[in-house]
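Presented sequentially are two complexes of chain A, the first with chain B as partner and the second with chain C.
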Partner chain A sequence: MAGWLEQNALLLGLALLDGLAYAALVFMVAVGLNMVFGVLRIINIAHGSLFAIGGYAAASLGLFLAARGLPDWTGYVALVLAAALVGGILGPVIERGVLRRIYGHEQVLQLLVTFALFMILEDAQKLIWGVQPVSNDAPLRLLGTVDVPFGEDVIPFTAYQLFVLPGVALATLVGLAWFLRRTLTGRVIVAVTTDREAATAMGIDARRVFLLTFTFGAGLAALGGALASPTTTLVPGLGAATIVLSFAVVATAGLGQIEGAAISALLIGIGRSAAVYLAPEFEVVVPYLIMVAVLLVRPQGLFGVVETRRV
Partner chain B sequence: MRRGAEISLALLGVAGVLAAAWAAPWLRFVLTIALAKGIAVLGILLLLRAGQVSFGHALYLSSGAYVVAFLAPSLPEALLLLPLAALIAGLIGLVAGLFLARYRDIFFGMLNLAISMVFYSLLEKLYELTRGTDGIRVEPPRVAGLALTLEAYVWAMLLVALVLAVGFGMLVRAYLASPMGQALAGIKTRETRLEFMGVSARRVLLAAYVLSALMGGVAGAIVGMTTRHVTPLLAYWTTSGELVFIAILGGAGGALGPFLGAVTYELVRVYAAAAFAEAWQAILGVVLLLVILFAPGGLWGMLLGLLGRRPGRAP
Partner chain C sequence: MSTQTQLSRRGALAVAAGAVSGSLLWPGSGSAQAQKPAELKVGITTFLSGPASVFGVPARHTAEMLFEEINRAGGIGGVPVRALFVDEAPGTDHLVGEFRRLVQNEGVHVMFASISSGSCLACTPLSDELRKTTILWDCGTQRIFEEGRHPYAFRTQGYATPEVLAPLLYLLKTRPDFRTLAVINQDYAWGRDSWEIWKTAMDALKPGVRVVAELFPRLGAPDYSTEVTRLLAARPDVIYSTHWGGDLVTLVRQAAERRLFDRSTFVLPVAEASLQILGRTMPAGHIIGTRGDHWNNHPRPRDPARLSRFVESYRRRQNEYPIYPCHHMYQAISAMQAAYEKAIAAKGGGWPNDQELAAAFRGLEFATPTSTITLREDGQGLEDQIVGVSSFTDRFPFAVPKDMIIFPAAMVSTPVGQKSVDWLKTLKPDLLAQVPAPIAG
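So, the complex of A and B:
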């Protein structure tokens, strides 16, 4: 064991750094999925598609700006702008146009509806961006690499993945906690999450809260995709992979838990990148093994609260 | 709906399939695939009766197909491959079901999706075993010990699919009417009450789940032997989506709905999928939304409405 550790220490270090960057991205998607569920009581299967579309939009916008000869730093503006556009347009369209019709319906119906949305968005993405891989790694290259000391060795790692991704995820986590606990709008959202009827009776416009939350969640997914776009090539199927992975994170943490989602994102992100280096064939299996292991012991998730049974 | 009327409709359907296959040779292939998918959709229907939807039944379809692909070289007999595919898919369903039957609604749907996605990427990545995305070619097996010409083989597969479709249709109809089937509906309305009566909801759902996996395996074996080329695409979420789509399109009210939906879907697909290849999933999505929002009984419900009967139950 000790010998094996020594031999593979460098690999494990790399897996740890990779996992951290990856966990940051997964967290961005999962936290939006979780917030939307908390308020709307709907798991949006199309959430992963918003991630993918955010990524594509960011890559296209970045390439477009670069082709116009604008300075390099506008690439970062493109990331945020693309995410805001995708969230700001698709969010309200989906919530107003479709989801509004099915609030309070059976869960199976709601699942089917968001699954239909998922089918539509996956093809819309293919129609717009085609099936050829798209990539724009300018924002990644621009920041260069950092030598991370690891024991006696150093691991060269991109500054973008080392600082920007975990930084944004941490800022989202802290910002969200502050927003939900300290601002009026945030408290209104929490109120609707806890007891919609009582909140409405106090004069809160639940429909506005639904719209706001869904748009915000969509924006977070798109931002996750935009931030991911420099680190990977975008291919069809990204949306499907993202929704199952972020659901695994949310299920592991327990539905509706925000801080918990951060911890399970770390757990699953690092687990997955360890598998990438050690047993690449089983890369996709590891997140679900972690999830299944957690769910077998705690069916409500690591931080979830048991709901009372209705009679 | 009266039993007699349903039987005559089913007989009418069987006659229609045979007549169409006799008149138009190219339809034989399409109808065999449609009947196979109809059998798989019967499984989705069982789960819908309990208010649960699985976005991962492509797992069982593809395991049936891969059983055929792996075993056909050493065991070239269709009538042995079919029960083997059913058995293995049923066993996979039992193992997965022991875990999944604890969950409902969102978790049930998404965990099914997750398991099938894992299976898909294993099929894709374990190249040594599955030849990855290239897939495996299947030589036509013998049917009842006879090595058939290609034309006779296509007919034989259609007849096998038809017999199995009628058989499983009757089985599901009887199952839904049995106490086990009635308890499924109980899971949908209020599970706790079921438990108060001493019925284990978990076991009821597990039994239905294993049956649905078994039917998925049979369907996959027929698909594998008919297309004679098995690829991981059969395990991809789009295949699961297709099954759910057909279930909703056909209507979850009765055992004929899945076949009505499957035949309609495959016929439209033959003409339309080539013209709208890039937007096919999107079109399915839009139709799915429209059916859910405006015609919750599906085609079966509409048909019943036309015949002046009580529309089938919404999913």
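So, the complex of A and C:
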């Protein structure tokens, strides 16, 4: 084992770097999905569409600013601005226009409604951006690459992948934890998550909390898409691919657990990267194998709490 | 009510008469003296949603544009043409149902199926069962005509074996000294099949090449950072990838940004459809293919004016150059026109029934803007393959091939009656002596 580790330590080091960047992107989507479920108790299939639309909007805005001759760094402003716009516009419209009508209904109905929403948003996306791949890698190119030593060789990594993605994910995690635990609004959200009836009885306007949380969750999904846009290519179907992986992260973490989402994203990100090096045949299934392994041992997820069903 | 009763009596008589003559068993196939229809309905299955809509929607635009042109010129045999589109994305079960609906309920005269090999494998047996002429207009699986006989199915372009073998021969001809190779293909039928074809042929033509990485990320993967890192660490002389669409764009962008193109020679048999999107991001000096011979800078097209007319018409409407699925759709429509003309002429001006139309397709030669395609006796089209090295010119804002080699279709296609993998095993390095020299520039 020691010999094997020594032999593969360099490769595993590379896998760790790749895994961190991947985990960061997955976390950004999964944490929003998890928050929304924690508060609204709705599994939002359309969350993946918000990721995709955030990506498209960021790429379009970045290209628009570049075409106007603005400096390259405005590409980073475009990422954040696009996410805020998508979350700020689509979040309230979806929550008020659709979700508000299905709170408290059967989960099957909620799944069907959010799935319908997903299909509508996918088509809207095609109407606006067409079907050809869209990309804007200016924010990626601007930061250049960093040569990571690999024995006598070097492996170039993009600075964006190495620093920006994990940095933003970490800042989101810390910021969210601070927001939920140290601010009044955050504590109100936690109260509604923990016991909606008691919170309502105490005078908390649960509807306002739902709107705020969903808008925030939508913004996080859009930010995930915006951050991914410089590294990936936006095509129809991106939302569906994203939502499936996010569900694996959320199920592994336990529904409603934010720090758990971070740990699960790390597990899945690094596990997938390690598979590419050690057993590439399993790369596709590793996230789901991790999920299944966790759920077999802890059906409520790594950090989930067993709930008592009221009869 | 009375009308219904009347109809049902007539219907019963028709059923009885039909059952006696056998004509109802095969919808649309019965009448030996087919009436000229008011319109020629063409059912077209293509991807209208999902990642493969990057191919399917441009192909639909092409069909709509060409049908308008045909109808403006008086239709086919004087009959206007109408397309009925079906989305392949929901899967083969849905597609099979839609295929039946189009044939049995809508009464389409010809079916065009499909982009996905899985879709073609599901639809081709239906062409046998329903006796409906079906043009396999884009799918590439070699299995269709190697594993069965399909009298009503015809593929109007090349297929996987020549599309993979030609780039391999190009590599062996122009850069024969490579010793190591890695593959990164999408994890589904095309990715796996195209690797099997490449590996089998490579082992026969250049034994001893060491495969240092076999990577099969999932179809639609949004990120290849880990794969790129692994390929950078493995330092293969050659990286082979049959990625397409957005996946190829992502792979090329991530690999280019991290200088992987500086370390290894890429062979990308399906690159053409992504080159416009990639623009200047696609590095020069790597081997690129187009699943046929239809490059915008074809060195010697059969009909330059026709090629230019098509490209410019498409560009005017879509504000982009046509990509290979557009050319494949053009080929399918050209074949359909040619077959109808041949069948109508054979019938002395009468309108052909399904059997007569299918008979016209067998052995059909039809002209495309770039070449002439012949449909073999098994239904497979013989289309030349052009492979070259990515380069930039003043004419296009994206990479186009230079130093192109035109591979004659017969050289790179599996002979009739043989299976591709068995045939590829029999290839000898002498084959390289038959490969034409690159066309300079």
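One rule holds for everything that comes next: the second predicted complex is superposed on the first by the 278 of 311 C-alpha atoms of A that agree within 3 Å, B and C clash if a C-alpha of one lies under 4 Å from a C-alpha of the other, contacts with A are read in each partner's own complex, and residues count from 1 in each chain.
We adopt the following convention: a contact is a pair of C-beta atoms (placed from the backbone, for glycine too) under 8 Å apart; a residue touches a chain by one contact, two chains touch by 3 or more.
The structure displayed is predicted, hence computed values, not measured ones.
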| item | value |
| --- | --- |
| Superposed partners chain B and chain C on chain A - clash or fit | clash |
| Contacts of A:V284 with chain B and chain C, given as first, second, both or neither | both |
| Touching partner for A:L117 - first (chain B), second (chain C), both, neither | first |
| Contacts of A:L170 with chain B and chain C, given as first, second, both or neither | neither |
| Chain B versus chain C as contact partner of A:V292, first or second or both or neither | first |
| Partner chain(s) touched by A:L11 [first = chain B, second = chain C, both, neither] | second |
| First, second, both or neither for A:K126, with chain B first and chain C second | both |
| Contacts of A:R101 with chain B and chain C, given as first, second, both or neither | first |
| Touched partner set for A:A241, first chain B, second chain C, both or neither | both |
| Identified clashing stretch of chain C versus chain B [41-49, 59-67, 167-175 or 185-193] | 185-193 |
| Interface residues of chain A shared between complexes with chain B and chain C | 122-123, 126, 241, 280-281, 284 |
| Interfacial residue positions of chain C with respect to chain A in the complex | 49-51, 53-54, 56-58, 187, 213-218, 220-223, 225-227, 229-230, 232-233, 235, 245-247, 249-250, 253-254, 257-259, 274, 277, 281, 320 |
| Sites on chain B touched by chain A in the complex | 48, 51-53, 55, 99, 102-103, 105-107, 109-111, 113-115, 117-118, 121-122, 125-126, 190, 192-193, 196, 237, 241, 244, 248, 278-282, 284-286, 288-289, 292-293, 315 |
| Residues of chain A defined as touching chain C within the complex | 11, 14-15, 17-19, 21-22, 25, 122-123, 126, 130-133, 135, 137, 140-141, 145, 150, 153, 155-158, 161, 228, 231-238, 241-242, 272-273, 276-277, 280-281, 283-284 |
| Residues on chain A engaged by chain B in the complex (per definition of touch) | 37, 43, 45, 98, 101-102, 106-109, 111-113, 115-120, 122-124, 126-127, 240-241, 244, 247-248, 251, 255, 280-281, 284-285, 288, 291-292, 296, 299, 309-311 |
